[in-house]
Structure formats: structure tokens, C-alpha cells
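The chains carry the letters A, B, C and D, assigned in the order they are written, with residues numbered from 1 in each.
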């Protein structure tokens, strides 16, 4: 594969990125010019049921939220790895590939079982967490 | 009460008509029930006097996602700053319907020596359509919304677009 | 460094503020939260304060009468009835029997509209939108029946001192009977759609429990109290108007949690239907207005306290009269004021979602609390 | 009967007046008059009889206040009214010790009349905005501010 072929492939990726960016930023730019603007002292303030907020929200939140985020991350990556498997799945060794995917997903689902046993999913409030 | 929204930088006259048509027929009211009129607003939103026929049935709780504020009920002096704040936090273009006599002029609660209410929503926020009644029947509110839609459609030529 | 600064406080403050779908009006509850759990809270009322009691001092008895439909606009006819009974007690007026029956029928119909609206709004708090459309459909039928008789849909001003201004005709009676049959056939729809719903039961069983001692401490009345097992209903314990002539039971719950308060209100609706049916069967003929009602109402000096059972609880009106055309002092004892005062005690250590459910189960009307 | 037991235990507190009310005309079974400092004891007595605080309000008699307490019972029909005369400018002992529900009632009376309640956990305005400086239900309040 000479360099031009490779470059050509990569140019599609570049094109895809540019269109994506335009698709995202385009409405913002158009709205800036075409849309009317509302103004007022409280326009950019935080909306909290019509009253000014008090106290800061930068507090140490309970650890359970981080655990949920971690579990989600684990399975998000898990799904991303499955995408390439789709392309290479019908290359002959059907059962072997299937077994590999089952092992791969099985090991990762141990995370859920471990978290379940440790009681991450019950929303009880641990007194010492105050 | 001066308008709280400025007109856009670029004026596209033809596009304006299309925009107005879309905006008029997809008003998203903010759930802002203060008192008795809120019940008639809910009745207007329910199945018999369905507001969805006019595109105005999507009641959004947050001002960020709504473009029509139906002031349904009495604005007390303790509530007035919250009303102004909510109005300012709504993105332009935005409109206000003052529903019920309390929102128009204080209604049955306005008398010499009243210390607790703001007699009329137009003292604190610019109001587009007034719907009289105590409480106005759901048909009255629908009439108000239809006249608001006409108001939005009629004015592509006006400089001060709101 | 910067992050270190924010470490020590564990809780943050949140406004379940005046403009919130679950506060059914303009109630604000300041919540101190630790993550999803509420550490402590303080309801802040007064956003719907329209100075009814000050108006009562500045207006004569008939002039203050329209206010009675705007304190608790969901069960306005009970407030009209209580105000009429109080003034009739002061004046010593006797109300003819047919007028009492008409008052009971219309007041029970109005109680149904209030419970139906609570049913829709409460389930919308829990996230279900369909029941709202079911119950508003039924509610519109009652509003048509009452609209034809009284002229208004919500803020009624129908009764007069000494009786009732308009008589009910056969069309009203047949429409009401038709409605009673129709609503009876809808019960199993409501029960299948909501009561047997597993998610609903999971969210309401053993949540927001109110004990009898708490009820006495805070003076709770109405379905909120009867959910905890105390059969206190002014129509039965302090019979007024024509209620002694009808037999109906007072449904109560056992555990005092949200599901019991929900069931009490649903069973109460069935009892209201029974009352309406019996009242229509035994409707006497005769005058609907007392013979001589004084033009200028100048009651003798003295004070009176009259209580009535509204959809939310005991509404009491306390009038001090100094023999003048205007009452010297009128105090409105509204049930939601007492029912809401227990909120900060029962939402301790609960999740925010449960707080919304508990607030909905207390069925409060904000302008009634703030008067 | 509940009314008799209450009457018996009330006389023990040697209050100013303990009399039967005319239920048909006024809606009371018992009418009681007490002094401000006896009020916490009276409230505790009603709590022991498992009565609930029906309502707590005040009447501005221009030269003095009259505080009105209503007690009723869930289990038996017996409504008692307690009239407590209070000179202007003096504080009233709070009954939140026995009835937690009185907290809001007393805050409302403070808000509307300016009557201070000693021993109240957090006595501040409940209906009017915090920065209001007037008490609307006083007879000399003209209003319209």
C-alpha cells in the first residue's frame, strides 16, 4: 500500500471529523447571528426554581456515585472492544470467536457481580458517610 | 416595562415569516401555576380542552426550555422577584400571557390597604396577551393562545422583534 | 490548595423552590442534602399569601363571601358551606331541609373533583402521566353538572346565608345519577392502572409513615390523618347539615404510609358516591331558602367556631363579631397548614424522590396554606 | 365523658374561668379563660388527654391582645376554647414544648400581630417576606405599602 492509498483512507477520517465539527458548531454560529437575545441581570445565573442559589455545590459527594461511574466506564470500554470483533467475526473459525467473545464479556461482567455482592446497588445511607 | 429582548444582528425578512410560523405553532409554556388559574390551565392541558391541538401543550418545568410564560394566579410581593428571575432566564424569543384577573390587575384581591400582592403582572414583566376571568374558562385560555399566535405571525416587518 | 477547601462541608443546600412541578403551587422547601438523602429541611411558605383575613376585617359578611371560593379552590363548596353555617349560627337562621340536601350533594360532588385532581397530580409526581388524563376526563363531567347549576367551574360562590339560591331540576338529578354509575364502572380501571402497579407499590409502601402521636402533635386532619388509622371525619364525629341522615363508613389505613393515604382517598370517593345516591333518593320537597333573611346582616356580639370536613381535612372558621356589619376578626383554620407542618419531620433521611412522593401524599393547596 | 375529665383536671389549675359552652350557638363544649403564664400547663394537660391543637390565633382588642386557643379531640367530640388576655408589648410563653404543631401557628401570630413567644425554637416571619417591617392584622395598620 503506497503512501497515497493510506493518505486517501485517512482523508476520509479527516473529512468525517470536519463535517462532525461543522455539524456541531454550525447551529451555534448561526444562532449567534440570527436569533434574538434576551438580556436581564439574572439571565446567566443558575436556574434553581426561581430563587438565587446559596451555599456551594462543590462538596464531597458520597462515594457511591464514583462507583457507578466506574462500572459504567468498564462496560463502555467493553462495548468499544466489541465493535472490531464484528468485522473480524465471519472469518471461518465461528465457534472459536464466539467462545472468545463470551469469555471476554464474562470476565468483565464479574465486575457487576462483585459490585452487587458488595451492596453498591442498594441506596442505603451509611451513617458514617456524613 | 421595556422589552427584555433585543432584535438579532442579521435580519432575514423572508426567513422571518417561516420562523414566525414555526414559533407560533410550537409554544412551549412553562408550568407556572400560582393559584386557582393553574387548575384551569391544567384543565386546558388535559384531554377535553386539549392545548396540544394548538401546539402549546408541552408544559416544560424549566424556563430554559420554554418560550411562553402563562402567569396563572396572584403574584404576591414575596413571589415577584422569582417571577422576574424566571422571565429573564427564559431564552428569547419569549412571550407572556397574563391569565386571570389577579395577573391582569390584582383581581378580587386588590383593594385599598392590600399589602401582600403585586396588582398586575405587567408591573414587573412585559405582558403580551391578557386573558380575563376569575378563573378564565379553558376556552378563554385557548382564545388567549390563539390571539398570541396571531400576534407572533403578524409582525415579521416590525423592527423590534420579540 | 483549591480542592482542599471544599472538602470539609459534606452537605449542600437545594431549593425545592417556589416554581417546581411537584409543589403544586408556590411552596418552597429548603433542603439540606447529603448526596441524594435529605439531612434536614425547612418549608418556606408565604409565596401565595393573599391576605384573606385582613380582607375579612375590611369587608361585610356578603362581600367577603367570594373569598371563600378562593381559599381552597379545589373544594370551594365546603368552604362556602362552612362560612354560611358560621354566619347562620351567628344570626340564628334555620336552613330548610331541601337546601341542606342540595348543599350536601354539591359539596360531595366537589369533593370528588378535588380527589380526582389530587389523583392525577399525585401520580404525575411519581412520573405517570396517563392517570392525569383519565381523572380529568371524569372531573370534566362533574364540572359540567355543577357549572349548569352554580355558574362556575372552580371558585364556587353558590350557597347563600339561609339556603341555596337555585333549585336542582330533573336534568341535574339524571346527570348526577349517570355520573355516579359511570365513575363506579371506572374504579377497576383506576385500580388496575395504578393500585396493582408493582412500581407504584414499591415506591409507596412503607414510605413517609406518620404515627398517631405525630398526628396529635401536629394536629393533622383529613385523609392524611385517616391514613394512620384514626377515623376522625367531621361529617361523622361532629355531624352537620344533612349528613346524619346518610350512612357511610370512614375508610382508614393501618400503617400510615403513602399507600394507605392513597387508598383512603380512593375509598372515600366511593363513600361520596354513596352519599350522593342516598341524598338523591331521599331528596325532600319544600323551600330552598329561609323565609326571612335580613337584608343588612348585623349579627349580635359574640364569637362562633364552625368546622367542616373538606377534601384535605377539617376547615374551621372562627368569627368574632362585635355587632357590626363587618366581622371584627375572622380566622380560617385551614387543614393544609397543619398537614404541611409535619413535612420536615417525615422527610428526614429520605431520598429526594420519596420527598416528592410524601409531599404529594399530603395533598396540600398552597394558597390555602398561605391564606 | 371527655368534657368532664378535662373540666375536672382544669379546675385543679385554678384558672380564671372554666364553664360549659353553648354548643348550638358558639360551637364550644367548654370555655376557659387563663393567664398567659398558665398556658404551657394547660397545653400539657390537653396533650395528656390526647386532644390536638385545632387552632391558635389572636384578636387585637386595640388596648390589649386576646389569644385564642382551640383544642379538640380525634376520639370524642369535645371542643374547648381557651381565651388568654395579653397586655400589649409583653411576650407570651410558647406551647411548642407540648405541641410541635404550635411552632408554625405561633410564628404566624408573631408575623401578623407582632406578639413575641418566649421559648419558641425559631421565631421569625412565616408568611410575609423576611424584610417586612409591619404587622398587618393590627387594627391600626393602614396597609397599602
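Convention: a contact is a pair of C-beta atoms (placed from the backbone, for glycine too) under 8 Å apart; a residue touches a chain by one contact, two chains touch by 3 or more.
Note that this is a predicted model, so its numbers are computed, not measured.
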Chain centroid nearest the full-protein CA centroid: C
Subunit C and subunit D, separation of their C-alpha mean positions in angstrom: 24
Whole-Å separation of chain centres (CA-atom averages), subunit B against subunit C: 29
Intercentroid distance (Cα basis), subunit D paired with subunit B, Å: 44
Subunit A and subunit B, separation of their C-alpha mean positions in angstrom: 38
Per-residue overlap in subunit B, given as positions that touch at least 2 other chains: 78, 82, 86, 112-116
For subunit C, residues contacting two or more additional chains: 17-20, 46, 49, 51, 54, 370
Multi-partner residues of subunit A (each touching 2 or more other chains): 49-51
Touching pairs - complete list by chain label: A-B, A-C, B-C, B-D, C-D
In the complex, subunit A residues that touch subunit B: 32-43, 45, 47, 49-52
Of subunit D, residues touching subunit C in the complex: 24-28, 47, 50-55, 57, 59-60, 68, 70, 72, 74-75, 77, 79, 81, 99-101, 103-104, 112, 125-129, 136-137, 143
Complex interface listing, subunit C residues touching subunit D: 45-46, 49, 51, 53-54, 57, 89, 92, 215-220, 225, 230, 232, 237-238, 302-307, 314, 316, 318, 320, 328-329, 331, 333, 337-338, 341-342, 345, 370-371
Parts of subunit B lying in touch with subunit D, wherever the complex brings them together: 77-78, 112-116
Parts of subunit C lying in touch with subunit A, wherever the complex brings them together: 6-7, 9-20, 28, 34-37, 39, 349, 351
